[in-house]
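These are the structures in question, set out in turn.
Each of the next two complexes has chain A plus one other chain: chain B in the first, chain C in the second.
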Partner chain A sequence: MIWVEKQRNIIDFTISSLFRRKGKIAALTAVYTLIVFILASVIFFTSAIRREASLILRDAPEIVVQRLVAGRHDLIPLSYAERIREIRGVQAVSGRLWGYYYDPVYGANYTLVVPVDFPHPPGNIVIGDGLKRSSGATRDDIFPLRSHDGAMIPFIIKETISAASDLITADTILISEEDFRSLFGIAGGYATDLTLKVRNPKELSTIARKIGMIYPDTRPISRDEILRTYESVFDWRGGMMIVVLSGSVLAFVIFAWDKATGLSAEEKKEIGILKGLGWETSDVLLMKFWEGTAVSLSSFLMGILLAYCHVFFTASTLFEPALKGWSVIYPDFRLTPFIDPLQVANLFFLTVIPYTVATIAPSWRAATIDPDAVMRG
Partner chain B sequence: MSLRKSTLFFLFIALNTVLFAFMFVDASHRRASALPSFAEKRRFVKDLRLTDLCLFTDTRYTRHPSMADQFSPFQDHPFALEHFPSGSLLTPPPHLRLERRP
Partner chain C sequence: MLIELKEIKKTYNQGRPNEHIALGGISLSIDEGLLTVLKGPSGSGKTTLLSILGCMARPTAGRIMLREREITSLPERFLTEIRRSTFGFIFQQFNLIKGISALENVMVPAYPRGEKRHILKEKAGHLLELFNISHKASARIEWLSGGEAQRVTIARALINDPMALIADEPTAHLDTRLSLEFMEIMGRLKGEGKTLLIASHDPIVYNSAVVDRLVEMRDGMLVATGSG
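Then we have the complex of A and B:
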């Protein structure tokens, strides 16, 4: 009990001491909270996207075969499917029709996809929720698209895809095969790429290698590669991410450095007076420990909580301008929270511990000098 | 009776810690209630044979990063530089960084 009471007395004194410098401490806590907030927001956002991708794309095609001509993705002849089907282990091969359409009216890019079984007759389309939001079009409206020969084709919107699937279908138009081919002028014997079903997933790499040998102008992409693409999405080494992260980390290093390199004259005088009044060196260090803990722990907890609200309650509003870029259609980033406790622990050890240590170190130097010398400066 | 400063400090930290713990509870609850929506998205991916998330729509190599090739960001004209904002957020997929041809 005596130990607890001693700690409480020291904390009482520490808080009073902090309040005497309330302007400086408030600014310090605000910036510290902001740094934790930015770092935690990035961590929450990227891990939620990665986990969501790994769950959703688990049912992506096992192998996609593209044809490349002069370094560009080109239409693939459906006759390629015949020889690929003969490879041992391949269960089924089918052509996939999809492409992009730039709409000059809205300045937006759409992704047109032909489903295997499109339930509506030609002349009808199904649109994603992002497209619905940006164009204002809704069910039974006419949605004209310009075909490859310049003719306007009036499609009727038969359905809209729910907003819950925005993360995969925001910009999507589902269309019949007949309409797709007439819109883009694609002959019957061609598809955008081929998708394969494979009997044994362990054979994926062997089959991909054989396809490359039979058709050297093709590029097989396996499901593992698709999943790995999203495991490394928003990688910390990539472009803007490193700018945001390094800015935050450098700001934090400056803080810690400022603390570690010395105390203000006022703080030194305070330590001198305390020593003069009979405080032990260990008591002074304890006071500085509680000071560091009060600032860093409060900032850490507030920063993390604000980041959680930012990413999962306000759909990452502050990141929106960077994420939108030049996109006219963009998904509503209402992500499901996948919080990795290890990442939160890492953030704790990288922010709270160094700051607390940096607060104690210079105080130890001041607390071991003669009080008279410290007070005289 | 006014509370001691140390009591106020511990109450503040305790409140934040409770909210911090609640954050994990809320995350778990949200994950459970998102299961039907995940099932629907997976059905879309399977039925439409989709390969990518719709994160960006300004350019094809960030709309479908897993389907992109090494040259797509630089295809606009000879000596073209990649210039879309979303290109600065996404790195090339790992399979493009590896030498994969036999």
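Then we have the complex of A and C:
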């Protein structure tokens, strides 16, 4: 009980001590909060977006088989599906039709996809939200696309894809198989790639190897490989942000170090008085510990909270272009709040702990002075 | 007997070119409940002797007994504890902490003891009342006059209810009226059974009627002791 009361008394004194140096503490807290805010925003964004991508890809096929001609991706004959289906462990094989389309009007790349059950008759399309925003086209508007032979085909927009999956579908156009084939000039017996359903995930590598043996001109890609590609893309973006921001982080470290380690003459005198009045060296250090903790912990929590609001409520407005864009059409979406506790812990250990130590260290010397120094003035 | 010093020597910067012998072998005993004044010119060793009597500094040689118990070589932690519970200090420069209230200043020495805050607050308020300064309890220390600051210092020295009060040149920054008032307060505390030790070269202090014993010092040695 005495221990608790002692801590309370010293914390109370620390707080009133902090209020006496309002200007210095406010400046320090503001810069500290800003740094935590920036770092936490990057961390929150990248981990949430990776999670988002993995959630979307969860329903993706286990294996995608592409055909390569001289190392270049080419259309795959649907007849390949027959022999692949016979491989033990393969549940289903189907051809998939999709392709990129460059629109010179908007300078943007669209991804045209033929879904399994496209609900609309030929001549109709469904567009992603990003595309809707950039083109200004709405439902029942005509959306012309130039076909392989140069003719303009007027499509009618039937609906737009919901924003929940905007990360992947911002630049997507869903189209019927018939329209897709006539637009790109793809004959009936061909598909962009083949998708496989596999019963046992442990058999994936064996199946992929067998496909490679049967059709040496194909390249099987597993879902995990796609996931890894996405992850590395987002990690790279986050890493790039950190590199850009490392200058400001360094500036903060110098600033914090200077502010935290330099004891003013007033502070040194105060430590002398406390020692003279019967405070032990450990009591003085305890006070400095609480002082460092109060500044760093409150800045940390404030920075984390602001970053959370920034990333999950305002859709990372501040560094949207750097973190999100891989196309002219930026996705506009709200990420599902997701925080990786390990990364937050990392940030905590990289900011709060060093700062607290930096506050205590210089006080150590001041606190070990003889208490009679205060008598001698 | 409260404190007994045996052949106390104190040398600063020992073995260096700027070596200074502050005390050259002093034996002295301080009785409980009496007001003792250490008198002497500047540099005579009064402050050093007070520091050693108040367990603030260690002697270079000699022994210190507190109520017959040898405390000379106790580690800092124990010495701090003894100092906190046995002595209250009144410094020449007041040494109040700026930016916080008078009340909080009075409470500061008691914080490491872990007493409940509301009890501590009550105690500090009572002490300020005792010295007619309770109306300034919430005032910042830098807004107080010299006399008011002095009274806050006395209240602070008493917060841990010490057996003895140690004051170093307490009237150095006070005018005659306030100096007389200070000695009157000392007399009152002596009446309550406190042991008082004052270092001063102010005639108002050492000629005061409340002084029981006068110890004269010069060049780090005792010159004479007598009753006040």
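Operating definition for what follows: the second predicted complex is superposed on the first by the 278 of 377 C-alpha atoms of A that agree within 3 Å, B and C clash if a C-alpha of one lies under 4 Å from a C-alpha of the other, contacts with A are read in each partner's own complex, and residues count from 1 in each chain.
Going forward, a contact is a pair of C-beta atoms (placed from the backbone, for glycine too) under 8 Å apart; a residue touches a chain by one contact, two chains touch by 3 or more.
Keep in mind that what you see is a predicted model, and the values were worked out from it rather than measured.
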Partner chain(s) touched by A:Pro354 [first = chain B, second = chain C, both, neither]: neither
First, second, both or neither for A:Ile273, with chain B first and chain C second: second
Once the structures are superposed on A, label A:Gly303 by its partner contacts, choosing first (chain B), second (chain C), both or neither. neither
Which touches a greater number of chain A residues, chain B or chain C? B
For A:Pro362, decide between first (touching chain B), second (touching chain C), both and neither. neither
Have a look at where A:Ser16 lands relative to chain B and chain C in the superposition and call it first, second, both or neither. both
Taking the superposition as given, does A:Gly95 touch the first partner, chain B, the second, chain C, both, or neither? neither
Please work out whether A:Ile2 is in contact with chain B alone, chain C alone, both, or neither, and reply first, second, both or neither. second
Which partner does A:Ala294 contact after superposing on A: first (chain B), second (chain C), both, neither? first
Counting contacts the way the document defines them, which residues of chain A are shared by the two interfaces, the one with chain B and the one with chain C? 8-9, 12, 16
Write out the stretch or stretches of chain A touching chain C in their complex. 1-6, 8-10, 12-13, 16-17, 19-20, 266, 270, 273-274, 276-281, 283, 370-372, 374-377
What residues on chain A touch chain B, complex-wise? 7-9, 11-12, 15-16, 49, 52-53, 55-61, 64, 66, 68, 71-73, 96, 100, 108-109, 111, 113, 115-116, 128, 130, 161-162, 164-172, 174, 193, 195, 209, 212-213, 219, 221, 225-226, 228-235, 237-241, 294, 297-298, 301-302, 304-305, 308, 312, 322-323, 325-331, 336-339, 341
Touching residues on chain B, where the partner in the complex is chain A: 4-9, 12-13, 16-17, 19-20, 23-24, 26-27, 30-31, 34, 37-38, 40-42, 44-60, 63, 65-67, 69-72, 75, 84-91, 93-95, 101-102
In the complex, go through chain C and note every residue touching chain A. 47-48, 50-51, 56-57, 76-77, 80, 83-84, 89, 91-93, 95, 97-100, 104, 107-117, 120, 156, 160, 168
